[in-house]
C-alpha cells in the first residue's frame, strides 16, 4: 500500500498531492438491499482514480454518494479536510464536484453551447433585474463565462457543433459535450460515470486522450467508474475494485491486477 | 345589398360605415356554449318579431328593420367583439343578454351614445336613469323579482311571514348574488329567517345544498339559477320531496328547459315573470302567417310559444315601440341611436297599445321616465303543469316593494356615480 | 346519537354515492392513460357526445338537420320514429367504437412515439372537434334523457333509518343504480382484463409497448379497444349525469370533477380511481357540511383539488401509484 | 436570396448572443416594431382595437408568461386564469385606493403581487411533477376564483361582485374607463407587450433561463450540476405569474373595463392560454405571439367569412369554428408537433438555403 500521508509521485513522474476526498466506512442501503457495505478509500489531489467492478458491484451508487445524490446510512464523507454534512446535490456541485452520467444526461432541448454554459451556472450570480434588462453585471458575466466555455469547447474540439441542438448529435459527441459541461465548471473533483460505455475503439481512444489531457492541462482530480478493465488500467493512477457492494481491492493498476480477489471477481468465481 | 363586415375588417382605414336606410337591431345571441338552451328561443323570438313587422307592417314607421345577429356564446370577450363589429352599422339598441357583457357595455354604450336594454338582467341599479343615462332595465329587475317573490308569499300567508324560513339557492356569480341585499332587507322588515345556499358554476352537483334544505326544512325556497343549475335543482327538489308549490324560481329559472328533465315530479313548480306565457295571443297568428308559413322562421322554428321565445318577442316589441316613440318625438323615420334613447326614455306601454299589437296583457302596463329607467317593477307568477307541459300565469302583474328597493338602487348607483365621476343626467 | 352526527352520516353516504359517479368518469381517463400514455382531455366531451347521440337516436332525430335545412331549405327534424332505450344504447356504442377507430386512424396513428404533452394537445383538438360535431349533429338545445332509470328518494332506506335514528336518510335511487352499474362495470373490466385474450394483450401494452409489440400484440387494435372502452365508460357516465340534468353542454364539464380523483388515485390505477373517487366525494361533501356555512358555501369545487394537492405533497405518486425511485 | 446569413459575422460574444444574430431578422424586427409603434396607432379604430388587437396583445403577454413556466421550465400549469384574476383584482384595488397614481405603476405592482401569489402556489411543484402538477395547479385556479367571489373586500363591497375600471390615466391620457381612444389603449398594451417580450427574451437567454431549461429537460441532472431546483422553479413561477398578472390587470382594466371573476377568469381561461402556448410552440417567445394570434384572430376570421360573406346562421358558424379549430390543432400536430414556432423555424431554414437547397 502507498504512503497515506503526503502524496506520491506516479510512474510517469506526476506529483500527486494530499487527500481531496475521503470516504470512511460508507454503507448505503435501499430498503433491505445493501448497495455499498462499509467501504473506505480516498482520492488525492491531481490523480486519476478509478472505481471498477462487475455489474451490480455498487460503483454507480458509490459515485452517487460522492456527488451527494444519495446520502449513505452509515459512514463519513470528508471533503477538503472537513466532514461533509448531508447536503443537496446542487450544494455539492457548488463545492466544486462535477460529474458526467452513464446514460447521457444532457439537456436535449438546448444547443451544445447552452449545455456547456449550464456548467457555468454555479459561477454566475448576477441578479434577476440585471438579467432582465441585460445590462451591467448580467451582460459582462455572460461574456466572461462565454469565454471560459469557448475555451473548453476548443479544447474538446466541438467548435463546429456549437449551435447544434444536442438531440441531433451522435452518441460519441454527446459524451464529449457532457464532459465539456462538467469540465467548464472548473471542478476540483471531476467524476466520470462510465465515460467510455458504448463507444467503439476509436472513440474510446479519443476519450482516453481527453481524460489524460484534462488531468494534464488543468490538473483536475478525476474519479472515474469504468467497466472496461483494459482502458482503466492504462488511464488511472490508483484503482478501487468493488464487488457486491464490498471493496475487494485498492492500489495501483499493477497491484490490483495481481490481486487474487479481483481476478476471481472478474473471472466469475462463485461466491460462497 | 348585404353590408360585409369582412370588407371593413380588411380595409379598416376606411372604416366609417355607410348610412343605412333601415333600422338596425343587433341581436347578441348565444346559440352555442353552456347556456345555448336558453339563448336559442330568445334569439328566435327577437328575430321573428322583426321579421313579422317587416312583412306585416312594412317595418316601423315605413322604415324596414334589420336584425343583425352576432353569436356571443355567453362569453364576454365575444360580446365585445360583437358590439364593436355591429355598432358601426347604426345599431339602435343593444340587448346583451348576459350580465357580464352588460357590465362591460354600460360605460361603452354611454360613451358611444347608444342605448342598451337589459330586460330582467344586468345591473339592477341601472334603473336609476339619473346615473345610467343609456341603460334601461324596464319593466322589472332582479330586486323587483326578489320582492315579488316575497310579496307573493306574503299574500299566500295572509300577510305575515314572521317566523317563516326561506332559503335562497343561487348561482354563485354576480347574477346570483343580486337579490341577497334585497332579501336581507325584506327579512328584517317581515321577520322571516333567510338562509343562503350558493351553487357554483355550472351546478351539475347540488347534493350538499339540497341535503341541507332537507335537514333545515325551510318553508319556501327561492332560486336564482341559470343553465344546468335549474334542471338539477328542480330534480333534486323533487328527489327530496320538497313541495314544488313552495319552490319559486326567478324568471331565468322558469322556462320549459328547466322543468322538462324532471318530468312529472316538477309539477307545481313556480317561477316569477314579467311577461305573459303561452301562445294564446293574436300576435302568434301573425307570426304563423308572415313568418313561419313564409319559411322565414329563425333558427329551427321549433321554439314558438315557449317562455323564452315569448321573452324575446316581448323584448323586440318593446324595442319596436321605443323606436316608434322616437320617430314620433323627433319627427324622422330613420332614427339614430341617440334618438332611440330618447324614445326609450319616453316609452309608455298601455294595455290598449298591447291589445292593438295583438298582445293583450302580454306584459305589465308601464311608463319610463328620465329618472326611472326601470319601470314600476311589476312582476307576476307562473306555474308549471307537468301533464300539459305548459306554464301558466297564476297571478296578475303586481307591484314590488319599492320602499325597500329604491334606497338600495340609490345607494348602489350613487357609489357608481362617485367612482366614475358621473354627473346628473336628468 | 347527537343530531349533527346523524346528519354527518347521511352526508357521508351521499358523498360515497357522488364519489362513485366521479370515479366512473375518472375510469375513462385511466383506461386510455394506462394503455397509451395519453391524458385524454376529450373524455368529458366524449360523455356529452355519447349522451347526445343516445338521445338523438332514441328520439329519431335527423343528424345534421340544422345544417341540412340551412343549406337546402328543407324542414327536417325527426324521422318520426323512436328507438327503444336498449337498442339505442347498442347503436350509440357502435357509434363510439366508430369514433374510437376514427380517432386512432386519423389522429393517433400519425402521432406514435410523440411526447405526452403533444398527445395531450391532440386530445384538446379532439375535444374542440367533437364538441363542434356533436352540436352540428344534434343541435345545442337541452334534451331530456329517459332510459327508465329510477329517480328520487329511496323509501326503504328512509324508513329503516328513521326507525333507527328518528331521522330518515336521503339516498337517491339514481345514485344507487349508478353505484350498481359502476360496480358491474369495474368488475366487468377487471374480468375482461384478466381472462380474455384481448384483455391480457391490453395489460401487456400497458406494461411495456415495445415488449408487447415484440410478442405480436397489435398496438393499433389495442388502442382502438381502449378508446372504445373509454367511449363506453363515457356513455355510461353520460347516461347517469344526463338522467339528472338533461343532456346539454355542461355535461362535458364533469371531466373537471374527475381530475382531482385522478390526482389522488394515480393516473394508471383502476382501484385508485375508485378509491380516489370515494375519498373526493365524501371529503367535499363533509367539508361543505362542516365548514361550508362558516366559509360562505360553494366550497366543493376547490376543496376536491386542495385535498388532492395536500395529499400529493405527502405522496407524490398518488394513492396506488408505484413509489418513484429517482435514478441517474 | 432574400434571407441569408453568409456575410453576417459576429466578432464579439455579445454580438453572437443577441436576439437576432442574422441581419435580415434584425431588420425585420425593427420594421415590425416601427410599424406597430408608428403606423398602427394612426390607422386603428375601435373595432380593430377592441375586437382583435387588444385581446391579441394581452393574451400574448399571458402566453409569454405561461410559456416561461411551461415551455422553459417544464412546469405545466392550469392556474393561469386564477393568476390573471389576482392581477386584475390587485389592479382594481390599487386603482380605487390610489386614483392619482399613474396606471403604469398600478399594472406593474399588480404584476408583482401576482408574482408573490404565484410563488406561493408554486411551492408544491417541488414535490409534484408532470400532469399531477398540472392538475394540482387547478387547486389555485378554483380557490382563487372562489376567494375573489366570496370576500367582498376585493370588489369594494359592490352589490353584485362585479368590478368596474374607473378612468385612469398615463401622462394625462386616459387608458381605462369608457372615454379612451383606441390608439391610447393599444399603445399602452403594446408597450407592456414589448417590454414583456424583451424581458422574457433576456431572462431566457441568460443564467436564469438556462437553469429553467435544465430543470425542464432533466431535473435530476440539473440538480447535480448545481441548479437549485427550489430557486429555479420558484423564480419561474414568479416571473411567469408576473407577466400573467400584468395581462390580467390589462385584461380587466384596459380591455373589458368590467369583469366578474368566475366568468372572465374561469378555468376556460387557463385552458385557452395553455392552448396558445402549446399551439404556438413551447419554449419560444415568438410561439407565444403566434399562438395568441392563432386563437384570437382565427375565430374572428372564421366568423367574418361564415356569417358576413357566406351568410350562414351564426350558430352553424360557431359550431364549425370549433370543428375547424380542433381539426387544425390536430393537423398542425401531425405535420409539426412542436407548434407554429417550429414551423416558422423550419420555413426559415429552408429559406436560408433557398434557392440552392444543397
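First chain written, first letter: the chains are A, B, C and D, and each begins at residue 1.
By definition in this document, a residue touches a chain if its C-beta (ideal position, glycine included) is under 8 Å from a C-beta of that chain, and two chains touch if they have at least 3 such contacts.
Note that the structure is a prediction, hence the values are computed from the model and not measured.
Listed by label, the chains touching chain A and chain C alike are D.
When every chain is reduced to the mean of its CA atoms, the largest separation from chain B belongs to A. When each chain is reduced to the mean of its CA atoms, the one lying nearest the mean of all protein CA atoms is D.
Chain A and chain B have Cα centroids lying 74 Å from one another. Averaging C-alpha coordinates per chain places the centre of chain A 42 Å away from that of chain D. With centres taken as mean Cα positions, chain D sits 36 Å from chain B.
Listed for chain A are residues 69, 101, 105, each touching two or more other chains.
The set of chain B residues touching two or more other chains comprises 31-32, 36, 40, 172, 200. Counting partners per residue, chain C has 66, 135, 140, 296, 298, 301, 328 as the residues that reach two or more other chains. Residues of chain B touching chain C in their complex: 31-37, 40, 172, 196-200, 202-205, 207-209, 211-212, 214-215, 227-228, 231-232, 235, 238-241, 257, 260-261, 263, 265, 295, 300-302. The touching residues of chain B, when paired with chain D in their complex, are 2, 4-6, 8-9, 12-13, 15, 29, 31-32, 36, 40, 69-71, 73, 76-77, 80-81, 83-85, 87-88, 99-100, 103-104, 106-108, 110-111, 123-125, 172-175, 177-178, 181, 200-201, 299, 408, 412, 415-416, 419-421. The touching residues of chain A, when paired with chain D in their complex, are 67-69, 88-90, 92-94, 98-99, 101, 105-110, 114, 117-119, 121-122, 124-126, 128, 131-134, 138-139, 141-143, 146-147, 150, 181-182, 185. Against chain B, the residues of chain C that register as touching in their complex are 7, 10-11, 14, 18, 65-66, 69, 73, 75, 77, 135, 139-142, 144-146, 151-153, 170, 172, 241, 244-246, 248-251, 253-254, 257, 284-285, 288-289, 292, 296-298, 300-301.
Of all residues in chain C, only 39, 66-67, 70, 106-107, 110-111, 114-118, 120-122, 124-133, 135-136, 140, 256, 259-260, 262-263, 267, 295-296, 298-299, 301-302, 305-306, 308-309, 312-313, 316, 318, 326, 328 touch chain D in the complex they form.
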